[in-house]
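Once you've had a glance at the structure underneath, I'll fire off some questions.
Going in written order, the chains are labelled A, B, C and D, and every chain counts its residues from 1.
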Amino acid sequence: MINSILKIENLSASYDDKVIIQNINLEFQKNKITAIMGPSGCGKTTLLRCLNRMHELTPNAKVSGKILLESTNLNDNFMELNSTDPILVRRRIGMVFQRPNPFPNLTIYQNVLAGYLLNGIKLKKQEADEIVEKHLNLVALWDEVKDNLKKHGTFLSGGQQQRLCIARALAMEPDVLLLDEPTSALDPISTQRIEDLIVELQKTVTIIIVTHNVGQAGRVSDFVAFLYLGDLIEYGLTDTIFTNPKNLQTEKFLTGKIS
Amino acid sequence: MTHIFQERQSILNDNIIEEATIVEQMIKKIINALINKDTNLLQEIIDGDEAKVNSLVIEINEMIIQLIARFQPEAGDLRSIMMIYKINGDFERIAKKSSKIAKSILLLMDEPPLKPFQDVPKMLEATISMLKDSITSFTTHNVQLAYDVCERDDIVDKYRSHISRELLILMIEDSALIQKSQSIERITRNIERIADLATNIAEDVIYIVEGEFIKTKKSKS
Amino acid sequence: MNKTSFRRIKNDTYKLGLILLTIISTVPFLLILFFVIKNGIAVINWEFLTSLPKPIGENGGGIINGLIGTGILIIIATIIAIPIGIITGVYLAEYPNNLLSNSVRIVSEIFQGVPSIVVGIIAYFWLVKPMGHFSALSGSFALALILLPMIIKSTEEMVKLVPADIKEASLSLGVPYYRSILKVIIPASLSGILTGALTGIARISGETAPLLFTAFGDSFFNINIFKPISSLPLLIFNYSISPYQAWWAKAWGISFLIVIFILILNILTRILYKKI
Amino acid sequence: MKLKLLNDKVFKNILIITTSIVLLIGVAFFITLILESTSSISKFGFKFFTSTDWDPVFEKFGALPFIVGTLLTSFLSLLIAFPFTFAIMVVLGEYFTKGFISEVLRYLTELISSIPSVVIGLWGLFFLVPAVRFFQITFGLQPYGVGIFTASLLLAFMIIPYAASIAKDAMRLVPKDLKEAAYSLGATRWEVIKQVMIPYSRSGIVAGILLALGRALGETMTVTMVIGNSHFIPKNLFSPGNTIASVIANEFTEATGDLYLSSLIYLALVLFLITALINLLGKYILKKIQINH
C-alpha cells in the first residue's frame, strides 16, 4: 500500500532566471528512504532545499508548484508548504548538510538541543537531559560522548560531528529528514557508520537523501529518483532501477557513462 | 556493509536452504515412491515440486542481481554470492533431473521390475547423502565435509557402471528388454548427474571458504 | 665556478643588508619606548594620577581630568560605534552585493583613510557649532566616526568567516532569521569582532587631532558630556608645545600611561586573536 | 508564528536602516565639507592653489605653501621609508615567514603602528629636533631643528610598518611552485626574490606605498609638532613649513572670519578628496590581488 507523507506537484525552481528543476512530480513514502541521485548540476540539492523552503533563501531564487506535507491535523490530509510559515515547515522537515556543521560556540549537549535553545523554547532540566540522551543514543553517539557533553563539539571526528548534526535535527522530532550528501566530506569508515545509521533511522523518520554516489544510493535507499538536467527522469524501487532501469539516461548514469 | 545488505544476504541464504530442502525432498520422494510403489509422490514431484523450485530459482537470481547491483559486494561476500548463484543453478538442474527421473519411473511403474532396478534406490541413497552433506557443508562452511562429498562421487559412479553392466548383459540376453533397460539407463545417468551437481556444490563451498577453485572430478574416459 | 661563488656572495650580502635595514627601522621605536619609560616613570606618582593640574609656577598637580576625560570619550565613542558598526557589518556580510552595501563599503573604506583632523572638523560643524560650545559628546562623536569603519570592517570579515552552513543549520532547525544571526552568527564571530573593536579602541585612545576642536580640553574635573572635557593625548600636545619644563615632564608621564594602556590592549587583542 | 515572521521583518529593517544611516553620514560628511567651503571656493576658485598669500588679517588665502609642504613631507617620507619598507617586506615575506624572529618583528611593527602620533611627536620634539639642530649647526645650516626634514623623518618612521605589512602580505601570496620552479633552475634566493617574487607582488607593493602615502598626507599631530608652522614656501628641505593638516590643526580654533574658516574647510576638502582617492585606489588594488588568489 502506498503511504505518502510528502508530495511534490509540478515543482519548478530557478535561480537568477536560470531554471534548475522543472515540473517535478514525486511522492515520498512514509518511513522509507528515498535517494535523489543524478550527475552534478542536475538539481538534486535544489530539489531537496525546496522541500524545507531553504532554496528561497538564495538571492534571486524562484519556486513554483506545490509541495504537500501530510498534515498533523486530521481533517486536512495534506498541508501546502508554500502557504505555511517556513519556520514551521523546517521544524517538521529537518535537514543535515554536506559538511558536518555543529555550532562552534555551543557544547555537544547544547548542540543537540540547538533547535530548542535557538528558538527560545524553555525546557526543564530533566526534559532536556532526556532529549539529549535519547537522540545521542539514536545516532549511536551517546557512549562516545557522554563524558564530554559540556565540551564543544569541535574535538569530535568528522563522522562523529555529522552524527551530532543528525541528532540535532532529530531532536526536533521532525517527520521528514533531508540529507544533503551527508557523507561527502567523510572518510569511508565514517561513511559506512552514517549509512548504517540512516538505514536504522527509517523506523523513526522518513528520509530523503541526496547523493551523487551511486553506490550509496544503492546501499541505503528503498526508492530512487533520478534527476537529469533538472528533469525527473525515473523514479521507482531501488531494486528495480538498479537492475533494470527503463530510461537510457539512468542506465548511462548507473554504468558510469555520464557523471 | 549496511544492515540492508546483511539482511538481504541472510534472506538469500534462507531461500537457498529452502530450495535445498525441496530438492532433497524430491529425491527422498523418489526413493519412497520406488519402495512403496507410490505414483502420487512421483506426480507431486512432476506437477508441484519442480515448479516450486523454478520459481525459487528465479527469485534467488533476482535477489542476487539486486545485491550485486546495489551493494557491489567484495571478497568473501562476493564469493559467497557468486557461489550461491552457481548453486542455485545446480539446484535448478537437480530439480529438473529429479523430475525427469520421476517421469521415467512413472513409465516403469506398471511393469514388473528388472533386477538391476533394485540397485537404483541404493544409488539414490548414496546420492542423497552426498547432496545432504554438500548442503550441510554449505550452511556450516565445513570444508572437510565438502572434500568428503567430492570423494564420494566415485561411489555413485561405481553404482552406475555396475548397473550399466548388468543392463548390458540383460539386453544381450533378451532384446525385448532393451527399451526398458534404456529407461533405467537414463534414470541412472540422471542420478549420476545429480551426484555430479552435488559434487559441484561441494566444490563451490570449498571456493567460498578457501577462495580457490578445485576440480576433483576426474575427466571421464 | 667563479661566477657561482660571486652569486652566492651577492645572495648573502643582500640578505645581511636587508636584515640590517630591518633592525635599523626598529631603532626609533626602541628609542621612543626608552624615552617614554625613562621620562615617564619619573613623574608617575599617586598625586599625578589623582589630582587636578595646578597653575604654572606651582609644583605638583596631576592629570585626573585627562584620565577621566579620556575614559569618558572612549566609552561614549564605543557605545555609539559598536552597535552601529556590528549591525552594519552584519548587513554587509549578509547582503554583500546590493547597491546599499556596495556604497556603504566604499564609504567605510574612505572613512578608514580620512585624516582624523577632517573628522574633527565635521564633528565641529555637526555638534559644536549647533550647541554653541565644545563638548565631550562632540569629541566622542568624532572618535566614534574613526572607530566605526574599523568595527564595520572587522565584523564584516568575521561574519563572512563563519561558514554559511552554520547559518543554514540554524535555519533548518526552524530558527527564525533574526535569531540565527543574533544567537549563532554573532556569537560565533564575537571574539573576532572584539579583536577588531579593541584594535580600534587602542587607536582612538591616542587620537588627538579630532579632539582639538571638539572636546577642546578643560583643566577642571568634569564628567558632564555636554561640556568641554580634557583628554590625555590633548594634554600631551598642549604640554609639549608649552614653554614650561614642568609640563614637558608631565607630557612624558601621560605618554607613559597611554603607551602602557595600548600595550595592555594589544596583549588582550593577541589573547582574543588566538582564540579565533 | 506570525510574531516570529514579524520579528524577522523588523530585524531586517533595523539592518537596512542602520546601514543606511552609515551611508547617510558618509554623504552628509562630504556635503558638509562642500557647503562649508563654498564661500572660499567661490571667492578664490582655482587660484587658491596657486597663490602663496595666507593672510587672515586681509582675508587673502592662498594654499600653495601648505600644498607644497604636504607634498614635500609626504614624498620625502616615502623616499626615506622605502628602503626600510622594502627590507622588512623581504625579511618578513621571505626570509623569516615563520618562527620566533618573524613573530617578534611582526609584533614590533604592530606596536609601532599603534603608538599614538602625539607620543611620537613628543619624542620628535625632544629628541629628533635637537638632533637635527645639532646636525644643522655642524654643517653650518640655519639651526631650526624643526622643519620639513624632521617631519618627514618622523612620518617615515610612522608609515614604514604600515606599508611593510601590506607589501609583505602580497609577497607571501607568491605561489610556492613558482618559487620552486626558479630554485630548480639554480637561482639563488636573492635572485628568486628579485626576479620572481618582487615582479609577482609588484601591485601589492604599489598598494602598500599608496596607502602609506594616504597616511602621510593626512597625518596631523606629529607634523604639527615638528614642522615649524611657517606660512611660506619652504626654501629647502630643512626649512620650516606647514602642511594642510597642520595648518588646520593650528588655526581652526582661532579662525575668526567666515572666509578664514571656509578657507580652512576648503583645505580640508582637498585633503579629504586626495586621501579618499589614494585610499580607494590602494584598496582596489589589494582587492584585485585577493580576487586573483
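Convention: a contact is a pair of C-beta atoms (placed from the backbone, for glycine too) under 8 Å apart; a residue touches a chain by one contact, two chains touch by 3 or more.
Keep in mind that this is a model prediction, so the values were computed, not measured.
Annotation of chain A and chain D: jointly contacted by C, touch as defined at the top. When the interfaces A-C and A-B are ranked by how many C-beta pairs touch across them, A-C comes first. Distance from chain C peaks, on a Cα-centroid basis, for B. Note: centroid distance chain A to chain B, computed from Cα atoms, is 49 Å. Computed centre separation for the pair chain B/chain C is 92 angstrom, with centres defined by C-alpha atoms.
In this assembly, the C-alpha centroid of chain B lies 96 Å from the C-alpha centroid of chain D.
Contacts with at least two other chains are made by no residue of chain B.
Among the residues of chain C, those in touch with two or more other chains are 176.
Looking at chain D, residues 4-5 sit in touch with two or more other chains. Per the touch definition, chain B reaches chain A in the complex via residues 1-5, 62, 65-66, 69-72. The residues of chain C lying in touch with chain D in their complex are 7-8, 10-11, 14-15, 17-22, 24-26, 28-29, 31-32, 35-36, 83-84, 87-88, 90-92, 94-95, 100-101, 103-104, 106-118, 120-122, 124-126, 145, 148, 152, 176-178, 181, 199, 202-203, 205-209, 212-213, 216, 233, 236-237, 240-241, 248, 251-252, 255, 258-259, 262-263, 266. Chain contact summary for the complex, chain D toward chain C: residues 4-5, 7-8, 10-12, 14-16, 18-23, 25-27, 29, 32-33, 36, 83-84, 86-88, 90-92, 95, 105, 108-112, 114-123, 125-127, 157, 160, 188-191, 193, 211, 214-215, 217-221, 225, 245, 248-249, 252-253, 264-265, 268, 271-272, 275-276, 278-280, 283. By the touch criterion stated above, chain A contacts chain C in their complex at residues 52, 54, 57, 59, 87-91, 94-95, 97-99, 101, 103-105, 114-115, 117-120, 165, 168-169, 172, 178.
Of all the residues in chain A, the ones that touch chain B in their complex are 192, 195-196, 199-200, 215, 218-220, 238-239, 242-243.
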